[in-house]
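These are the structures in question, set out in turn.
Heads up, the next two complexes both have subunit A, just with different partners, subunit B and then subunit C.
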Partner chain A sequence: MSKRYAFHVNMALCIGCDTCAMACKNQYHQEAGIVWRKVYPVSEAIYPHRDRAWMSLACNHCDNPPCLEGCPASAYTKRDDGVVVHHPDLCIGCQQCLHTCPFGVPQYNPHTKKAEKCSLCWERLDAGLQPACVQGCPTGALTLVDLETFDDPSAIQFPPGFPHLPEVGPSTRFTLPEQPKIVRRES
Partner chain B sequence: MHESKSSGAQNIALALGNNLSRRSFLKILMMTGAAAALPGTGLLRSFSQEGPVFGRATFAGPGAYQTFRNACPRNCYDTCGMVSYVKDGVLEFVEGEPTSTYTNGGLCVKGYAYPRTVYSPDRIKYPMRQIGRGSGNWERISWEEALDAISGKILEIKEKDGSLLGMALTKYSGNFGITHYGVEGMLSSLGYTTRFVGTPCWPAGIDAQNYDMGNMWCNDPEDMAQSKYIIVWGANPAYCSVHSLKYIYEAKKRGAKVVVIDPVLTQTAVKGDEYWQIKPGADGALALAMARHLIDQGLVSREWVAANGLGYDEYEAYIKANVTVEWGAEQAGLPVDVVKRVAEEFAAADPATIWIGYGMQRHVNGGVNVRAIDALVAMTGNVGKPGGGARYGHLFTWGFNYNAMVQAAPEGSVGYTGATGPKGEFDTGQGADAAATYTDRTFNINKIGQEILDAQDPPVRLLWIANKNVVSQDFDKNKIVKAFEKVEMIVAVDLFFNPTVEQADIVLPTVTPFEDWTVNVSYWHYWLHLNEQAIKPLFETKSDIEIASALSAVLNAKQPGSCTFPQNIDAKEMMIKEFNDGIYQLFGITSWEDLRKGAAKAKLPSSASWSDLKFATPSGKYEFKSEIAQTNGHTALPEYKAGREAYAPLRLLTPHAKHGLHSQFQNLDWMHDLNPEPLVYVHPKTAGAKGIGDGDTVRVFNPTGEIRLKAQLTNNVPADTLLMYEAWFGAKNGFNVNLLVDDVSSDMGAYKTGSPGVAIHDQFADIEKVAA
Partner chain C sequence: METLSLPLILFTLLTQAAVGVAVLAAVRQWQTADGPQRPTAEWGTIAGLLVAGVLASFFHLGHPELVWRILTNVGSAWLSREILAFIVFGALVALALWSALRGPVSGWLLKSVAVVGVVALAMMGMTYAPTGQPAINNIWPFVFFMLTAATVGSAVASFFTPAKHQGLLTWVFSTGALISLVIYLAVPCVWLSGDAVVAATGRAFLSSPLYWLYIVIGLVVPLIAVARTRRIPGWLPVLVLFGEFFGRAAFFMLMLTSGSNIGNLY
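Moving on, here comes the complex of A and B:
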């Protein structure tokens, strides 16, 4: 059976430390201003403390990737293991994918005049290694899972704060953050 | 929380805190990425003219790289082992050391920025001379010219004063690699000089643990996984020790309870089971209140204190006479029933531990507060137990030769004749020559501005600064800059044109860990990491000991016998000379070369410190009552000591940041992508009363100075507190928390480190809105 790779973002373990985002830059050296993985703060409407719960997001390597479907240059392919790959040699820099991706994932690089995005480190996967961000995560909050076998009962596909788009089928799974008992000062 | 039924677009907009349409959400997302990368922002090919090419990369396959062992030396609990991947002479990427269970194959946001540190276009490339301090009018000079000017000044001082006491060194934790103590060695090799001694970091707690137990010695952090109860007291590992979190998580998974005590609802706090918002500086009162409740409830481990304690009965008598739970809880601002419940839970759990952070001892009563917390751990019988312990830090693994550091003064050197104490926490006494008539003159490292202003006979004429961004990190920036005007020549050794370099006359370019040979250990975990030279030093950079060696050659050419530092050194040989049999035995290795295969961990008889319950105090017991403390001017018992009186309306806290380590890392453009600007965090109530809105520009001010920056409103901070994380954001940003932090001392630190610490968190300020 083929694999279906996905990121599992366990927000209960995530400390928003940005290690994953920098581990990506460490591997690929994106120019200043270009970030393939970004750790977003969850709003206080969802988690009641500002900048204390986080959603580490990169490409969601969707089941039906709109970037791929909308690309006039066929610069996107989806591998058998689920990884959505952008091919810069085919990209014409039309930025269509920036508009079709409902998650705002592809970025336009003004230096290369092409789009780019998270590759799920397919070169590392093919060498039997973890993606750079996953390997870097110090708390085990970001893991690579195979959706064919993944059965964590805490994991959900559409947490609050994330677009509910079942037809697109983003592969990322989330476990929601927890809250401590809080004793604030009386004086 | 549950899965919301509202639309995804609405939800993800909520995640950003705005009720935005999907379209505007995407716009915001893109602003953080492609749209923000305007044409004209620099490509990474920074050094295409003359250095190796560092540009866009991808993973080239497992066999495509040469790998080297490195270590992050930036004064961090985690002191991570690293593996560097080099291709065609270029450091392409770094990973965490996989053979260390602590680093566990991963780094942190700072460690992963290292390739950018190495190839930053902002690195200092050559020796340079500044015409007019602070002018930015730098001219490139050769190493010969730089060393000629410096050696000329050294000989001139000796001639004029008859000693070299007019030459001073301030150096701390920019690089904790063992060979970097060669900077101290360089000064010793010149004669008797003036040393700024002590540590801004953790001295009050070091003294406290020495009074109580005879040394500072913590359990292996990896054994926190076995704890049944963990109190994280004034530490924020989610920012400052990310690799420790997994042990706390593991303990939680096995059923432990985690309580976080902190003035701020930190990122660590939300990962515990319970958070207490303590009033800053009331840690001692709270620990005493908890102790009182244990006494009242008969929960003290009588057997433990009888067998292993000294002066426990007197401590109990003091508490009964002077402390009530109600009083202590009120001092801390916490409900009595909560304090009682957690005290009971802590006493009932076995083992239970307290992680004592460095933040909580940065107060005028910080040392004695640490003692009160130590006592709480001891009286519940948790000292000396795996999974227990009053965890603060250790120097157990630091027994190197300090070969680069220990250098003899040239024959006939004249020095200081007064009494001096230890020169910092790493002073093993190996450098002291009992027979010598003279010593170095020591000044308080934490009062560099005042000490230079006060120095006479001789004044500080030549100041050498290495491994330290004094003007960013030392206290009362304006005073320091003013004091520097008195100094005839300032030499800074650094990587970047930081605020200290801005005030220097000559800057010498130095190396990153990847261009250096050294060896590193932690003051928290028990791993040993080799640091190999992975790439050739870029441009004209030199390591600290190479600079010392070059200076020695120039001085001896000018005046034979004027410097004893070895000439023509080999950096690798110097690293090898730091090892000894004790280190080999402790780590179970036969040669330093074993470390090329991976990290080694100290072979500990137990994961617990003091597991044999033989303490290093004069009595050999845990000293609830310490005569040494009393002799040194403190109370013999960890009695209540009030905090500093407020001198402005709001408390100002300036703790460690997520994206930087002191003034390192946050200056990099890669880091700006993740954290673009400094902020002051203000409680909405306080902000509201002053008409300050989220994102408004404000002025934070006190008698020491002022800062202008943006405000962020959050109830993570109490209403009476302002919070700013310390950092240097790069040459174009003047943000510096030490414009507002004065140099008032903490209570302890002089005993073991030579100078008291600084009451960094006993600071106060006011805030007002200003036009942007």
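Moving on, here comes the complex of A and C:
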């Protein structure tokens, strides 16, 4: 059976430390101002507690990637394992993917004058390694899963605070943050 | 919030103006048998607008030397289809110009140019209706672009038509500008009742000087001028182009993407 790789973001475990984003930066040395992975704070309107909740996001390697469909230069391809790959040598720098992606993933690099985005570290995957961000996460909140076998019933595709676009089919799965518990002493 | 992309503004404005003038050239011949006084100058202007727009678009590309690759995804990319349609449109305009140099332009050629021009604008409308920008992930871009073609096209076409024969152009311009005014005032207000991103886009428009400059300079002042003079004054096309420039800048700069709201309620 073919694999279908995806990120699983366990918001109950994420502490918003940005190590995943730093690990990505450390792996690829993007230009200043360009981030392939970003840790978004979840607003209090969604999670109204003293604790904070976070969403670590990079490319969602969608089932129907708008970047791939909208790219006029065929600079995007999708591998059999679900990874959406951007090919810089084919990119003409038209920035159409920046407009079509509903998750704001592709970034324009003013130095190379091309778009770029998370590759799910496909070179590392092919070498039997984990993506840099997954390897760097100190709490185990960010993991790589195979959606063909992943059957965590608590994982959802569209948590509050994430664009609800079933037709696009983002592959990232989320486990929601836990509700705070109040422990009272019996008097 | 997007950055100002001058090449994209010029590309869309000038190509839409070219389509507008070409469609009106066809309509005039078909509807009134009252062709332009200087067909060579008119078709030369259409070709000039198209070439200037396409040249401007090259400055938007990070790697214009690879521009040929823009046609490699016609199967699914609206931008590829748009460019293909404009290539066909350009070829037909060149044929019409060549024909105008030798005599009257044939009816079938005029109709072909008009149809292909509208198809190209439809493709352009789809290109700028991306999934990531929910406020315009619909038919609005096509409507906006057609209205620009009607107003700028009729204004520019007035250069080639004597004042006594400007009845049709004046009607097209004033009707197009009036419909534009209603739509451009109503759409941001409708956006206010949309989801979080669409509503924020509506607020961004209503509080933007660019948007109001377009409304006043591109629509209200020209409408008053046409209502008073009952024709298209010679200075009006320049004013309309300036106004449309502000409107197009607002279109590109103020459209918010879904990704800008991650972590918040949608």
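One rule holds for everything that comes next: the second predicted complex is superposed on the first by the 177 of 187 C-alpha atoms of A that agree within 3 Å, B and C clash if a C-alpha of one lies under 4 Å from a C-alpha of the other, contacts with A are read in each partner's own complex, and residues count from 1 in each chain.
Throughout what follows, a contact is a pair of C-beta atoms (placed from the backbone, for glycine too) under 8 Å apart; a residue touches a chain by one contact, two chains touch by 3 or more.
Keep in mind that what you see is a predicted model, and the values were worked out from it rather than measured.
A.B. asks: Does subunit B (first) or subunit C (second) touch A:Leu147, or do both, or does neither?
C.D. replies: neither
A.B. asks: Quick one: classify A:Val35 as touching subunit B (first), subunit C (second), both or neither.
C.D. replies: Touch status of A:Val35: first partner only.
A.B. asks: In the overlaid three-chain picture, which partner chain does A:His164 touch, first (subunit B) or second (subunit C), both, or neither?
C.D. replies: Both: A:His164 reaches subunit B and subunit C.
A.B. asks: Contact-wise, after the overlay, does A:Ala45 reach subunit B, subunit C, both or neither (first, second, both, neither)?
C.D. replies: both
A.B. asks: Determine, under the contact definition given at the top, whether A:Leu129 touches first (subunit B), second (subunit C), both, or neither.
C.D. replies: first
A.B. asks: Have a look and say if subunit B or subunit C is in touch with more residues of subunit A.
C.D. replies: It is B that touches the greater number of subunit A residues.
A.B. asks: Could you say whether A:Cys94 touches subunit B, subunit C, both of them, or neither, answering first, second, both or neither?
C.D. replies: In the superposed model, A:Cys94 contacts subunit C only, not subunit B.
A.B. asks: With both complexes overlaid on chain A, does A:Val85 touch subunit B (first), subunit C (second), both or neither?
C.D. replies: A:Val85 contacts neither subunit B nor subunit C.
A.B. asks: Starting from the residues of subunit A touching subunit B, keep only those that also touch subunit C in the other complex, and list them.
C.D. replies: Shared contact residues on subunit A (touching subunit B in one complex, subunit C in the other): 40-43, 45-46, 55, 102-104, 108, 160-165.
A.B. asks: Subunit C touches which residues of subunit A in the complex?
C.D. replies: Spelled out, the residues of subunit A in touch with subunit C are 40-43, 45-46, 55, 57, 66, 68-75, 90-96, 99-105, 108, 112-114, 160-165, 168.
A.B. asks: Could you pull out which subunit A residues touch subunit B in their complex?
C.D. replies: Touching subunit B: residues 13, 15-19, 21-23, 25-35, 38-47, 49-53, 55, 98, 102-104, 107-111, 119, 121, 123-124, 127, 129, 132, 135-140, 156, 158-165, 176-177, 179-187 of subunit A.
A.B. asks: So in the complex, the part of subunit B that touches subunit A is made up of which residues?
C.D. replies: So the residues of subunit B in touch with subunit A come to 1-4, 7-9, 11-12, 14-18, 22, 25-26, 29-30, 32-39, 41-44, 54-62, 93-96, 104-110, 112-116, 238-239, 242-243, 245-246, 249, 260, 265, 267-279, 330, 333-335, 338, 658-659, 669-675, 712-716, 718.
A.B. asks: What residues of subunit C sit close enough to touch subunit A in their complex?
C.D. replies: Within the complex, subunit C touches subunit A at residues 60-64, 66-67, 69-73, 76-80, 83, 127-128, 130-134, 257-266.
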